[in-house]
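Presented below is the structure to which this report refers.
By written order: A, B, C and D. Residues from 1 in each chain.
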Amino acid sequence: MQIPVLGLRLLQTAMTRKTHIDENAARAAFENAIDTYEQDFGKFFLARLFGLELAYTADECVITFDLKDFMFNPQGGLHGGISAFVLDISMGHLLRQTSGPGATIEMKVQYLKAARSGRLTCTARFIRHGGSISFLRSELVDEHGEMIAYATSTWKSLKQHPHSAAKPT
Amino acid sequence: MQIPVLGLRLLQTAMTRKTHIDENAARAAFENAIDTYEQDFGKFFLARLFGLELAYTADECVITFDLKDFMFNPQGGLHGGISAFVLDISMGHLLRQTSGPGATIEMKVQYLKAARSGRLTCTARFIRHGGSISFLRSELVDEHGEMIAYATSTWKSLKQHPHSAAKPT
Amino acid sequence: MQIPVLGLRLLQTAMTRKTHIDENAARAAFENAIDTYEQDFGKFFLARLFGLELAYTADECVITFDLKDFMFNPQGGLHGGISAFVLDISMGHLLRQTSGPGATIEMKVQYLKAARSGRLTCTARFIRHGGSISFLRSELVDEHGEMIAYATSTWKSLKQHPHSAAKPT
Amino acid sequence: MQIPVLGLRLLQTAMTRKTHIDENAARAAFENAIDTYEQDFGKFFLARLFGLELAYTADECVITFDLKDFMFNPQGGLHGGISAFVLDISMGHLLRQTSGPGATIEMKVQYLKAARSGRLTCTARFIRHGGSISFLRSELVDEHGEMIAYATSTWKSLKQHPHSAAKPT
């Protein structure tokens, strides 16, 4: 049986994993991070590298960022570890904004759906805001409102550093 | 009361958070990643950026990497999201090495201790290796053998792509 | 130094942990369970023993029950394992009500507050209702609306048994 | 079409879920619990009801118990909530034995395999034993050494009650 040339080509395309990322986009992200980071909440190097934009409401921390393929796993979707990274930041920054810095005791992430393009939004809220131990949750959703990942975590508040108290976030 | 000059200086140092990372080290990590990555298991861009070196035994995946301060949180330790990222990779690569690629259903990380310098080792093992659903755990330890983080996760095996089967990992 | 009699008595009271449960209440719970259980969803023996009352809305399973001291830990509050048991049931029954029986792959419970008396309400909802894998969460709250425990879980749907499909829940 | 009598009978058997538990065994468990419990570690009512036998090594708490069908879910296996209950006790009692009572902050259980009969063994160990926050894990295995469930948890040590310090566990 003869295979039509076009069909074969399509098949080959489907079988070829993308082996390269958009290197210009990765470089732009890196240079922008180097130019604009400060090792403080909201603007530390990794947050800048992944293009995270943080905003706060009275009881939420909302992070938005554009997917770029340098953030991907070998299967071509946002790496689960990067989802975890963003979810962690959303909860840690909400705690910090509300009552000073804390340390993560534990975090669990459930992965609902792969994310391959577009702009993601991550929203953290308290389950319970305690004096010493706090419980938080966060949702990562895509542009269509579909949930990508869901996290819960537990934090221990740290005694606030006199210097950091004076600093704007 | 007079404050001795040296004492004041020490106090100021203690109160100053490091506001800059080693930018040359970050740039070297980026350039090395761009030069050596391939979007496949073990060598995708993010794995290269964080300098991850993967090795396998019969039933383990072992990742080693050097801490660099561009991986840090605003408090000056390895960011918990990056710990999660490395732990995730160790378990996903063990599954992939043993029975083909899978998707993370969920992962929980417990954070035991901050890591600030040196070389870390992350070792993944199966709790139970199933046909469809597998359960794994992984430990991240520092040079002194002290545990930094402990993770458990659940994975769903994916039908293997004909192309990826032929590819060396 | 002399200790006033009343003061000593109060001290002794404070130091005495309650060493007995209300045995009549425990026996009544047991006899009621034996009389009314059926090994099916909503009315299996353990659900009856702990006095669980299940109700459903379009997208929730709501369980209510009265705390009895036979459910307590040695510190005199609802045992965390029983909280986990009720949270598990709420999520499993919501899944069963919506799309047939499933098996728990994993569950995480965060413990926010001790519960010592009154009536508790446990409400389960879907995070994502999938064909094969579903993600759920559930909240256990006391009479004052204060959260006692928060759970998330992952379930695998089972092929439905022809017999159970015909049975009312 | 005629259905052979034997075939129909087998079909009916396969389709019939067991609707009754061994009520005598349940009653014996209840009466034994009432007779032997004390609301203290290792022997509180629920631990007795489920027939838990606790033992300690230098760094483990080992619980053994016989499966009885009153502990089952509607599908005829050990209820996941009871697995969680036993795993929780194993870790809480190890902490208590080592450094006094604590409260569970969170626990995650992964469910590997159904358990339908025989004697189960649950072994808790520390991941990290801290002064204030401790991390533990525990495994529930059946008679054949197959793992039923795997748990990790986080605990907060409580200030020890003067009375409980004097009491044997």
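Points worth noting:
Everything that follows uses one rule, which is that contacts are C-beta pairs under 8 Å (C-beta built on N, C-alpha and C of every residue); 3 or more make two chains touch, one makes a residue touch a chain.
Keep in mind it's a predicted model, so treat the numbers as computed, not measured.
Sharing over half of its contact pairs with A-C by residue number, the repeated interface among B-C, B-D or C-D is B-D.
Overlaying chain C on chain D by C-alpha atoms takes a rotation of 180 degrees, rounded in steps of 5.
In terms of their C-alpha centroids, the spacing between chain A and chain B amounts to 16 Å.
Look at where the CA atoms of chain A average out and do the same for chain D: the two points lie 38 Å apart.
Multi-chain contact residues of chain A (touching two or more other chains) are listed as 105-106, 108, 110, 154. If touching chains are joined by edges, the resulting network of the protein chains shown connects every chain directly with every other. Interface residues of chain C, counted against chain D in their complex, comprise 15-21, 23, 26-27, 30, 34, 37-41, 44-46, 70-76, 79-82, 84-89, 92, 101, 103-111, 114, 158, 161-164.
The part of chain B that touches chain D in the complex is made up of residues 108, 110, 112-113, 127-128, 130, 135, 137, 147, 150, 152, 154.
Residue ranges of chain D in contact with chain A, taken from their complex: 105-106, 108, 133, 154, 156.
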